[in-house]
């Protein structure tokens, strides 16, 4: 059960998942068995199991799937269930060639989602941390799609896949009153994307709660040369 | 005093209690000697002592009781007092066959309890984290009973036991301006239940504080198929 | 510099101070060189130095004083300054026979102090965590004195000593816009007192910020028997 | 890659940067590859690289520059980019002879910056933690300059340098909706300055959010003797 039978790339992917799960749990993004982590190594996709304490995972608990989403290797440890997030993770692998897809229950993302009217995206602008998101600049109005939640996670599949297709500039889909799916080129990149979006949602919620408008006093101009 | 005289199941239960106490203290649920932890192994029930720094407990500090609530083995370390929570823990063992019962002073639970009118339960709906609670779905209106506090912990016994009986769908009883008793099939299950309820109470309080209504923009429908 | 020249009681007191300083720093109560810790062993009083990073202290950095407040042994490490809190710590040793006195810059205590009118104490009632404070019950109205701040810490001495004398039921004096001095029978007891008061101030501030009145729905009565 | 080829002073500076980066990341000041750290040893200046996970840095990842801002030694590890903060760090080395310059994305600083009208500084008064800032007293009105942000970090250079010159009593420059540059005589001193300013900004934002005016009930007078 120590994962010694895994090849090197598989072992690395499994350990990365366990490490990210411990981090997510410490950050409150995966408490109460919530959240999920998936990592791709070439054409092999690794996923944390469902319904277990995420901070206690070991490499032998991880599922291995192919790019069609079929389980290729069950966990060595007994009694594990494939996460209901699996088809949702696959949407980002299929349409964006992601290297890792993370699912967080960050309360700041959940509260930010509650502020967004139906059919509209979360809009972010003029916060430096936006520059940490892939391809986004300080003066952009960056849009992250928000979809409504469903009773069962797998029922989200169609609308999440549609959001992935409809919002090609976003590497995240927020699920209202639920959390976020977010991805990157690699596990490290996906993690930094999750950190940035969490920070930005926390900023949005704290500003809303405190009656702070960060645009009110901002006189900065996109043409920085004229402004220096 | 290193617990080497305990049989394996007893040692495991005692170590689990110490580990959960350290976690609860880090989370702010057991600061200032507050909170309590109890674990059942078969017909033996183990409890952390009263009035000590919870993050410093060792296996030799733990009480062992039988299912009638009688102390069967005193702690090996000197000067320990049985927790006044003991009869409250017993209510969940007696009526729900719990595998572990936890008592937290989570400030988020306390603040959420202050929002609930007398005689009414805390009502939760349309927050994904509800699905982490035993037997609860996203579209349910889940009710957690709230009872008033008393001067002494053991005086809570009758009203807490009544709440356990009256609210069979809840695996927790909130005590107003005090904290929560929450249980599960096993220590790990009880811990995840506590994490979920804490998250949900934090959501309720933060939304109240920020003037956020998470139902305002939610157009999701229980019949997901019609909504995809 | 490893403190090996100290006798056992001295070494223990010095290590306790270092450990509490690390804890206080992690909790944000001693950031930026702020805060202070003092421990008594018999008639010897030990104090952390001033103006240094509290989380990095070692036993050789600690001052030893007698009960008259005179330095009896300088730190072995070079360049340390006695804390300006020294006369303030002495007030609790002199009038209350404290075993340890702690000084925290907890922001929650600071914010709670800003809510208290001049000449009035902070009043706490009907919060379970009050029972963690020495000699305080749930239905009490517990009063913690609040004094105004001064430009220099040692100038606080007279008014802090007066507050210690005037409020014999409180084991803490809050300094407005500054922090709190709090003590107990032992270092562990003083630490739990600090944890309880911090929790209570956080409750007060969060309830104020969120518009929550924890007495509004509370129907509990001091005579618990009539209420069960 | 273990930095064994560095001389002692260089190795120490590199390790200090890595340690401060881990701390900043844990505090949420350098999440998502954000933030930056620079340390000076004599005439050699060391800087963390850009766009990497700050909590994972090792000594071999660090750049070495001279006091003119020219890179003198590339990192031993491959693929590192010099931080765009470099010219901003140099302003504090050039005009203030700083021993270390830190750049944090602290959300509390960002939210505090949003409260400050254009052209005005952040003003702080009557908060004890101000005394942790270099040369600042409790009754002072301490001013920290706030400049507007730009699309690219290096475009901030002129206005940040001007602020350093224009506000000689401040050892920090806040960048609106972005973060703060802050420095000290040494890495430890710069770190304590960052901790103090962060605490003070958190106080400002939490008081604003909670409708708390910390001056309302404060009757303390600068002439403490008359007030004792």
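As written, the chains take the letters A, B, C and D, and residue 1 is the first residue of each chain.
By definition in this document, a residue touches a chain if its C-beta (ideal position, glycine included) is under 8 Å from a C-beta of that chain, and two chains touch if they have at least 3 such contacts.
Values in this document were obtained by computation on a predicted structure and should not be read as measured data.
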item: Joint neighbours of chain B and chain A, given as chain labels; value: none
item: Distance from chain C to chain B - Cα centre to Cα centre, in angstrom; value: 30
item: Chain centre separation (chain A, chain C; CA means) in Å; value: 42
item: Chain A, residues touching no fewer than two other chains; value: 209
item: Graph class of chain-chain contacts, one of line, ring, star, complete, other; value: ring
item: Chain pairs in mutual contact under the definition given at the outset; value: A-B, A-D, B-C, C-D
item: Of all residues in chain C, those that touch chain B in their complex; value: 126-129, 132, 137-139, 188, 191-193, 195-196, 198-199, 202-203, 206-207, 209-214, 216-220, 222, 224-225, 227-228
item: Complex contacts: residues of chain D adjacent to chain A; value: 28, 31-34, 53, 105, 107, 110-111, 114-118, 148-152, 155, 158-159, 175-179, 205, 208-209
